[in-house]
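In what follows, chain A forms one complex with chain B and a second complex with chain C.
Right after this comes the complex of A and B.
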C-alpha cells in the first residue's frame, strides 16, 4: 500500500517540509556516495527515517518489492559479468568490482525508494497543501505536486470500484494467465477513459472556484514550524552538499 | 426588469468535432434577481447555455462561439450533477473544500472560515465541516458542492441538475433557497429535468429544442408538459396549468 497513513509519530506531527527536505537530502547524498559501506549507511538512514515515522514495515515492503527486480539484474550484470578480479562466493565466482558496483547502485535505489515511500506515508497531502499555501506557492505547482502524490491511492480506489462493478456484470478474475490478462481490458479502459472524462469537469470546477486567480491564497490551518525543524532541514541539505564536495574533491565517501 | 447581467445575441456554439451546433442563434438576456429554469430534452442545449452564459465555453471546453456574448458577471459559479468530479482533490475536510474559493481570493483567515461556515449552514451541511469529502454520500457531497459555489458569493449561479443526488427533502430545500439567492442580487440559471420543483422556484422559464430557444416567459406559460400539467389539462383545467402537485391541489381546493 503506497500513500498517506494517518499517525501521530514525530514525522506525522512535523512541518511537511521537514520529512520532504530530509528525504530530498538523502536522495542527493546517495548520488555522491561511492562505497558500499557509505551507501549502506544511507539505507540505514532511510530506514531510521521510516522508523521515526513509525512506518518502517509499511515503507520497506513496497521498497523491497519495487527494487527486487533491479537488485537481481544488477547482481547478475555486474556480479557475474563484471570485470576482474573474481572471487569465489560459494559455488559461484563473482566479480569483486562488479559486486561493489551492484551494491552501490542497488543501495542507492533502496535508500531513495525507502525515503520517498516514507514521505508519502507520513506527509498528509492536506497539510502539505496548507504549508505550501502559507509559503505562497502558486496553485498550479501545488496542484501538480499534490495530485502526483495522491495519484496512486486515488487510482486504486477508482480501480476497486470499477472492478466491483465489472464483477457484478459477470467479469471473472480467476482462471488461466491469459484469462487474467484479458480481464484487464474491462478494468483499464474504464479507468483511463473515466479519469479523462472527469478531468474536463474538474478543470471547469477548479476554474469556477478561482483556482487560476493571481495573488496569494489564504491558508486555513498552516502547520506549525519551528527553528529546530528549520535547522534540521538545513543540516540535511548541508550534509548532502558536503557529500558532493568530498566527491568533487576526489575523495568520495 | 433590471439591466441584463449577461446577454447573448445570436450566439451559436459548436463543440470541437461536432457536426451540429449545440446552441443555435440564441438571443436571450439574464438579469440579477431572476431564477431562470432552462427546460429541454437531453441534447437540447441547456448545459451548453449554462457554459456559454458563465463564460466557460469556449474558454475552457474548446469549440467555437459565434454571435455575441456580453457579460458583466464577475463571479460566475457552476454546479454540475456529478459532485464527485467537482472536488478540488486538495482538501481533506469539507470546510477546506467549501473555503477553497474565498481562500483563493486571499481574504483574511477568519473571513474565509466564516464564508465557508455560512454557506454550509445555508445548505444544512455545517455538521459535515470536519468530514473528509471522500467519505460523504452523493447527497451530502452535492450539498457541499453547492455550498462551495455559494461561498464564492456568485453574481451568476449556474446549476446543472443540482438536485440529481439529493433526496426529495434536500431537493425541496435547495430549490427553496434559489429565490432567496436571487433576491440577494444574483442571477440564478438552473437546467434540470425536475421541472415541477424548479418551476416553483423559477420566475422565468426558457424552453430549448435542438439548441434553439423556442419559448421564453413565466414558467406556467412555457411549461405545459409536466406530468401534473398533463393531468390538469386532461381534467379540463384552464390555463395557466398547475405544474406541480401543490399547485394542482390548490387549484382543486379553489
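Right after this comes the complex of A and C.
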C-alpha cells in the first residue's frame, strides 16, 4: 500500500517541505549524473533518506515492484539489442555501452521511486496542507490537489456502478476491438455528464465557505520549521545545481 | 440533446466554476483508465479530462488539469518518474483548445481527424522524453512495439518515435471522439452553464 505511514522518525517530525525538497533535489541531480557508479550513489542516498524516515522496507518494496518491469525492458532494449561491442555474460552476449546505459537509466528510476515513495510515507497530507496554508499558497492550488484526491475514489465507485448497470442492460464488454471502443460511450458519457450536473452544487458549496474571497488563510497548527532544515533544503538544491554545473562543464559525474 | 457546441471562450481568469470543472477534469483523467481496463483496450485515454476542460473552460484551466493529473497520477501510483510527460499534457491542452475554437468538436467527422493529428503531435512530443529520459522503456505496450521494431532492425530513436506516435494516434482519436460525444450530449440547461457552449 502506497501512502502516509504514521511514525516519529526525524523525517516525520520535520517540516513537510524538507523531505519534499530533498527528494526533489535528488530527482534533479540524477538527471545530471552520467555514470553507473554516480547513479548508484544516488540510489544509496535515496535509501539513506528512507532509512532516516524509518520506512526503508515500506518504500523499497513498491519501488522495486514498480521499477522491475522497466529494468527488464531496459536490459532487453539496451543490453541485448544495444550497439557493439558485445561481451559474453554467462550464456548471453550483451552490449557493453547498452548495459552501461541501462544501468544509468534504471538506477535513475530506482532513485526517484525510492525518494518519492519515502516522501509519500513520511509526509502527512494534513500537515502538508497546514504548511502550504502557512506559506500563503493560494487556496485554489491546495483545493485542486487535496480535493481531487478525495473525488477520485468517489468517481471510481461511480464508474464501477455504471459498469455493472450497463452490463445488466445487456452491454457486452468483450467482442471485437471496434465493439469494445463503441462500448466506451455508454460507460463514459453517464460518468462525465453526471459529474458535470453536480458542478453548480459544488460551486455554491465553495462560495458558501468563502473560497472565492481574496486574502490569506490562517493555518491552525503550522508545522515548525528551523534554520537547520532551511539550510538542508538549500544544500540539497545547491548539490543538484552543482551536479548540473559539472555536466555542462564537460565533466559529468 | 443540443447538437454540436459552438467555439469556447478565449482565455480568462479562473472562477470558482472553473476550479470545480478543473477538479472534475483531473478526476476524469485519473478514473477513465478503470473503464479502459475493463474493456481491455490497448489505449490510455488519460487526457479525456484535459481535452474536455479545454473545450469547456479554455487553455489555462486545461493546462492546470493536465499538470495536476500528472502530479496526482504520480502520487497515486508512486511512480514519480512519469512527471516529465506533463509536457505532453500541456501540448494536448493547447491543441484541444485551438481545435475547439475551430469547431472540431461539432461533429464526429471533424473530431476524429483532429484527434488523429493530435496523436501525431502528442506522440512526437512524448518520443524524445521516452528516448532521452527512459531510454525507450516506458509503458509496457509501447515498449513491446519499440522492442519489436528494434528486432526488425530499426535504430532505437526511430523505433521509440514510431511506437510512441502509433499508439498515440489511436488513443487521441478515441479521446477526441469521446469528448465530441460528451459535448454533443450535454443537456441544454447544463450547456448554458458554460459561456462557450451557451447558444
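Note that in this section the second predicted complex is superposed on the first by the 190 of 253 C-alpha atoms of A that agree within 3 Å, B and C clash if a C-alpha of one lies under 4 Å from a C-alpha of the other, contacts with A are read in each partner's own complex, and residues count from 1 in each chain.
Everything that follows uses one rule, which is that a residue touches a chain if its C-beta (ideal position, glycine included) is under 8 Å from a C-beta of that chain, and two chains touch if they have at least 3 such contacts.
Predicted model, so just to flag it, every value in this text is computed and none were measured.
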Chain B versus chain C as contact partner of A:244, first or second or both or neither: neither
Touching partner for A:116 - first (chain B), second (chain C), both, neither: second
Touching partner for A:191 - first (chain B), second (chain C), both, neither: second
Per-residue contact with chain A, leading partner among chain C and chain B: C
Touched partner set for A:86, first chain B, second chain C, both or neither: neither
Which of chain B and chain C A:143 touches, first, second, both or neither: both
Touching partner for A:206 - first (chain B), second (chain C), both, neither: both
Touching both chain B and chain C, residues of chain A: 143, 147, 200, 202-203, 206-207, 211
Contacting residues of chain A [partner chain C, same complex]: 2, 27, 31, 62-63, 66, 69-70, 73-74, 76-78, 81, 101-102, 105, 108-109, 112-113, 115-117, 120, 140, 143-145, 147-149, 151-152, 155-156, 159-160, 163, 173-174, 177, 180-181, 183-185, 187-189, 191-193, 195-197, 199-200, 202-203, 206-207, 211-212
Chain A contact footprint on chain C (complex, rising order): 14-17, 19-24, 26-28, 30-32, 34-36, 38-41, 45, 48, 52, 64, 68, 71-72, 74-81, 83, 133-138, 140, 143, 146-147, 150-151, 156, 174, 178, 181-182, 185-187, 190, 193
Residues of chain B defined as touching chain A within the complex: 51, 54, 56, 60-61, 76-78, 80, 82, 84-93, 95-96, 99-109, 112-113, 134, 145, 148-149, 152
For the chain A and chain B complex, residues of the former touching the latter: 124-126, 129, 133, 139, 142-143, 146-147, 150, 154, 157, 198, 200-211, 213, 215-220
